[in-house]
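Please read through the structure below; I'll follow up with questions.
A, B, C, D, E, F, G, H, I and J label the chains in the order they appear, each numbered from 1.
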Amino acid sequence: MKREDVIEAIILAKKAKGLSWEGIAAEVGMNPVWTTSACLGMNSMGEAAADKLCSVLGLPAEAKTVLMEYPTKTWDRAVPQDPLIYRLYEIVGVYGETLKEVIQEQFGDGIMSAIDFSLDVGKEENPKGDRVVITMNGKFLPYKAW
Amino acid sequence: MKREDVIEAIILAKKAKGLSWEGIAAEVGMNPVWTTSACLGMNSMGEAAADKLCSVLGLPAEAKTVLMEYPTKTWDRAVPQDPLIYRLYEIVGVYGETLKEVIQEQFGDGIMSAIDFSLDVGKEENPKGDRVVITMNGKFLPYKAW
Amino acid sequence: MKREDVIEAIILAKKAKGLSWEGIAAEVGMNPVWTTSACLGMNSMGEAAADKLCSVLGLPAEAKTVLMEYPTKTWDRAVPQDPLIYRLYEIVGVYGETLKEVIQEQFGDGIMSAIDFSLDVGKEENPKGDRVVITMNGKFLPYKAW
Amino acid sequence: MKREDVIEAIILAKKAKGLSWEGIAAEVGMNPVWTTSACLGMNSMGEAAADKLCSVLGLPAEAKTVLMEYPTKTWDRAVPQDPLIYRLYEIVGVYGETLKEVIQEQFGDGIMSAIDFSLDVGKEENPKGDRVVITMNGKFLPYKAW
Amino acid sequence: MKREDVIEAIILAKKAKGLSWEGIAAEVGMNPVWTTSACLGMNSMGEAAADKLCSVLGLPAEAKTVLMEYPTKTWDRAVPQDPLIYRLYEIVGVYGETLKEVIQEQFGDGIMSAIDFSLDVGKEENPKGDRVVITMNGKFLPYKAW
Amino acid sequence: MKREDVIEAIILAKKAKGLSWEGIAAEVGMNPVWTTSACLGMNSMGEAAADKLCSVLGLPAEAKTVLMEYPTKTWDRAVPQDPLIYRLYEIVGVYGETLKEVIQEQFGDGIMSAIDFSLDVGKEENPKGDRVVITMNGKFLPYKAW
Amino acid sequence: MKREDVIEAIILAKKAKGLSWEGIAAEVGMNPVWTTSACLGMNSMGEAAADKLCSVLGLPAEAKTVLMEYPTKTWDRAVPQDPLIYRLYEIVGVYGETLKEVIQEQFGDGIMSAIDFSLDVGKEENPKGDRVVITMNGKFLPYKAW
Amino acid sequence: MKREDVIEAIILAKKAKGLSWEGIAAEVGMNPVWTTSACLGMNSMGEAAADKLCSVLGLPAEAKTVLMEYPTKTWDRAVPQDPLIYRLYEIVGVYGETLKEVIQEQFGDGIMSAIDFSLDVGKEENPKGDRVVITMNGKFLPYKAW
Amino acid sequence: MKREDVIEAIILAKKAKGLSWEGIAAEVGMNPVWTTSACLGMNSMGEAAADKLCSVLGLPAEAKTVLMEYPTKTWDRAVPQDPLIYRLYEIVGVYGETLKEVIQEQFGDGIMSAIDFSLDVGKEENPKGDRVVITMNGKFLPYKAW
Amino acid sequence: MKREDVIEAIILAKKAKGLSWEGIAAEVGMNPVWTTSACLGMNSMGEAAADKLCSVLGLPAEAKTVLMEYPTKTWDRAVPQDPLIYRLYEIVGVYGETLKEVIQEQFGDGIMSAIDFSLDVGKEENPKGDRVVITMNGKFLPYKAW
């Protein structure tokens, strides 16, 4: 099985069993965002998580090895087009310099890691329309001088 | 005064007075991220905020009008290069599809608004290295059928 | 069935039955533009519309689920080439700044939503040559300060 | 005077006199969208309109000639970035093929002209939030066989 | 049959029957350039022409419908590479502004239509080497003010 | 004087003297398209033409040398945007392969030269709207085998 | 057989028979660079050469027709990546303007043809390391004024 | 003096003194192509050559140091547009793979150096039109295994 | 077998036999980085290495010839996306000019060869987190003047 | 003083005083690569280093503040062109996947940091030509699961 086959098998099994990403994540015992990203081939799973996912979705044994492999993380378009994803890109464009100013003022010269990093999605109920809350949490990495 | 002149005047005044974005925001009475973005020309200020900013930084009266104008929001590079900003772009690339799956599972078909939207930066202290916490909060907008 | 298979099945059935988009839309009970966009995979259908479409075109039951899924909206070329579509792109290029000036003068700082949005095509008869009338109707979204 | 100088002079005079695009257009006796586009250098004015504009805004005589010249119509970015303009681009991406289907079904093989063309912006008041209404009206041009 | 299948069938039949584009066009009763473009999927044929083409080349009945469909006109590379086609692109690059000056001086502000348009290729015999003569003939479309 | 200075001087002198490209070309004794292209810096002039142009427009002596220099021919945008020029690009895109087929059928394997080449613009009067006629005439260059 | 099939058949036959491009060219009676380019689909062969190539490599009769067709010459990447080919691109980048100066000083305003053109590769033995010698020979084409 | 100033000074002095690149190179005692490239800022000169060039052209002493600096070699456009330079790019596109095959067959796996490299331009007189002869001579560099 | 088939066969055999790149390299008797690059199709193997690799992994005899062929070295994306590879690209962006300054100060005008070149990866143990050590070793190639 | 002014002042002072990057670094007490990168605006200096640099080069006091600011790290071209820098880019292209395989085999799923990172250049003397040795040393950052 190749990575794409495993992803497709996961999506089909999820649909067939009527599961949600949130439900799958609860079974696997990890955060829904991380679990979804691993199912879509953007993170490698540890053995326990891969085992659990295979049994929840009834995936073939071969899928487990693939889920544990270290994926090559790429995306199709340098500038995304789907409106939901584009809005995130736009936020980086509009607020990128601002975030650099504000983060470096608070933390010094460095960056927020995208590797030692977690991401969460929440819902804030609101009578004028519910709100999506995305929380990014990454280790601050100071630039090293040498 | 053009927009660029006002931005430059703000940066010079901030440096000369030894102020921080956080301090300026506190005086203006708004969030530091929003205040910084308005100072960098990515948001228009209401009259009260523009007045306050001008007096805090000692900007000429003409600056106030410019701060209240509706800016054209653009950025230099389709794929950003500064490491701090690139990491945000990378997060959109790696987790974009995942966020689409997770948000639409929770909210239905639609997007998180980047207009009716706020953004916050916090610090999580951690003995292994402090962590940057970025919180995005945007209204969910369901697609309309007609 | 994948999204592409459903789109292809729709186009074949439409041709085989000699139907028009307008006729299909009338059966489905929705606007022809929206109905066409959903048939071409650019909008998700509610259950009633999907049911109706399947029966009008004689699509297999599996198609209904696919029609109700939330599509990833992407297009092939950043700058379109087909002359009909390019002209629309050209209008955005030539009149983009103008529309920003005129809309924001009338409504304040914000945008026209492309999500809470509808689109209509009409014909204006004219002895010198009929005219195409495209009407876009989107909710004004004011920028939020925070 | 070059084109850019005239545009800048118009914007400064408009600000100094506290005029709106709508008000200027009313004086000039043309539609606000067209008038704004001509002021921003995207359309040439006839002599009467140019005369009127110069007197309303107090522009130097030299400006009149420039306003009557045939402009080169270009824009900065193949994919626009300002959110208001990007949304229009996104609509072309998402609905381009749909519009091709619907227009050509109604009119035959051809395109909507972007030259023999007019554009209008209106406001639809709505308790849930006012709506922007953009109307495009272009002559249908059938492809010629030879 | 899809568009590509019909194009391929035309090319194979043309080769098998030893026909030329010019010969085919004569049978179809249309200009060779237009006929070739329709055979290559860049123009839709009227019923008579499609009928004639099918019988000349012995195409299956299904091909006729496809030939009458309204094609999506796209090309592979924004900047063409084949030397014959690149030279045409180069001419547009080198002489584009010149043509704008010369045409608009003669006709006023507007464009040459690429829709109400015909194109012809001729040969000019010359002892120093024959010359290719390409003639474009398009309706002048004046910009409309409104 | 640099190339740009000479071009600007030509345009100013032309406007000041109320001349047309056609009139200038008649004085210089060359074709209007070629003359305009040389004035816009896309062709070098022979001494006689340069002399004549300088005296017609009252250009400084230094301009003559510049007009006789061999220009670097470049253009701003790989895909042009001004509608008049874009239409020419579109014609290359839509009819490029067709022209390759038709020319090579008539002439053999080779190209139409864009160097040993001339270009002409004419007007065809027509009650339904005048038509622009562009004629390209280039030497056929057969590929050499070796 | 399509072009790609013939190219693949040539490469397989060459490998199976242990032939070199140089050896094939000697049999065909043409230059090795030209012969290789024709085998890789970048030049059309005359009948004699195609006949000879087919018999040397044992290609099917159908291949002969394909070898005689006029190919569409395209390449995958606007900026090549393979180091051997990139170095050639780099030479064009670094020395392009220089070659323009030196050639036009010697020949007048014009270009070196890439059509009436030949290309040769030689080896210069050298104790410090052998040297590759590439010779381009193209007809000078003077720009035509008209 | 910056690099651009020195280049401009060279071009002006060359024009003022009526020198050719060939003549300058003869004085400097180097090849015309190399000398021109160094004058255009694409190669650094040794002290003797820089001295000589300064005295031949009457450049200020400061120019000598700049001529001896190691230049950053860049060019404006990834795909060149001037027809003379584009033809060279086209040759790389059309014959790149062919050259790879032929060179590596003769020399083994490796490349022709663009650093330990020389380039020459010659003229081949020919009654049908003179021919440009470009000769590249670069050290073969075999890939190293380790 | 084509190159891709051999690469896939290597990866499958490596997985099936539970081998590491380091282990394979030790068997082949070459450096792990070079061996891996040859297995991934980015370097040609000498006969001994290819023989050894085939026997270690149990590859079919046909694979040996392919491993010895001279590969075309290309990569998918001009700007890489996988975070591990992007960081290397970022280092080139951030430190490219610096490396040019430092290398040319030490070695004179020239470059580090990427052909007569080796590359090594090591691990530096560190209580705060192990460190990756990448060592590049390339022959200095001075620019040649001629 | 802006960043560019400080960089220019450093380069002029270095030239005027006849210093080398290595010598400057020795005075500043840091590695030559890091020191050069900070002088070229790609790293911020601590106060001690900035002080030292200012006194070594005789920079105005204002320069010190600028040297301590956190720079925005960007580069001009997505694909570099100067041959020395391009070779580094080529190495990333040719060996990127290989490095991913080798590093992740040794360290697990993660990346080499480009932030907690140092870079060194050395010379390896060699009778066949000296060799450049570039050493990268970056902290391994394992991907976090959450």
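The working rule: contacts are C-beta pairs under 8 Å (C-beta built on N, C-alpha and C of every residue); 3 or more make two chains touch, one makes a residue touch a chain.
This is a predicted model, so every value here is computed, not measured.
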Pair joined by more contacting C-beta pairs (F-G or H-J): F-G
Whole-Å separation of chain centres (CA-atom averages), subunit G against subunit I: 30
Rounded Å distance, subunit B centre to subunit H centre (Cα mean): 49
Centroid spacing, where centroids are CA-atom means, of subunit G and subunit J in whole angstrom: 42
Interface hub residues of subunit A, defined as touching at least two other chains: 72-75, 78-79, 81-83, 90, 93-94, 97, 100, 104, 110-111, 113-115, 117, 119, 141
Each pair of chains that touches, named by its two labels: A-B, A-C, A-D, A-I, A-J, B-C, B-D, B-I, B-J, C-D, C-E, C-F, D-E, D-F, E-F, E-G, E-H, F-G, F-H, G-H, G-I, G-J, H-I, H-J, I-J
Interfacial residue positions of subunit B with respect to subunit D in the complex: 65, 72-75, 78, 114-115
Contact footprint of subunit J on subunit A as seen in their complex: 30-31, 34, 38, 43-46, 49, 70, 72, 97, 100, 104, 108-111, 113, 115-119, 141-146
For the subunit I and subunit A complex, residues of the former touching the latter: 15, 76-77, 79, 81-83
Subunit C-touching residues of subunit D, taken from the complex the two chains share: 20-22, 32-33, 36-37, 40, 42, 73-75, 78-80, 82-85, 87-107, 110-114, 117, 119, 121, 123-124, 126, 128-141
Sites on subunit H touched by subunit E in the complex: 79, 81, 83, 86, 90, 93-94
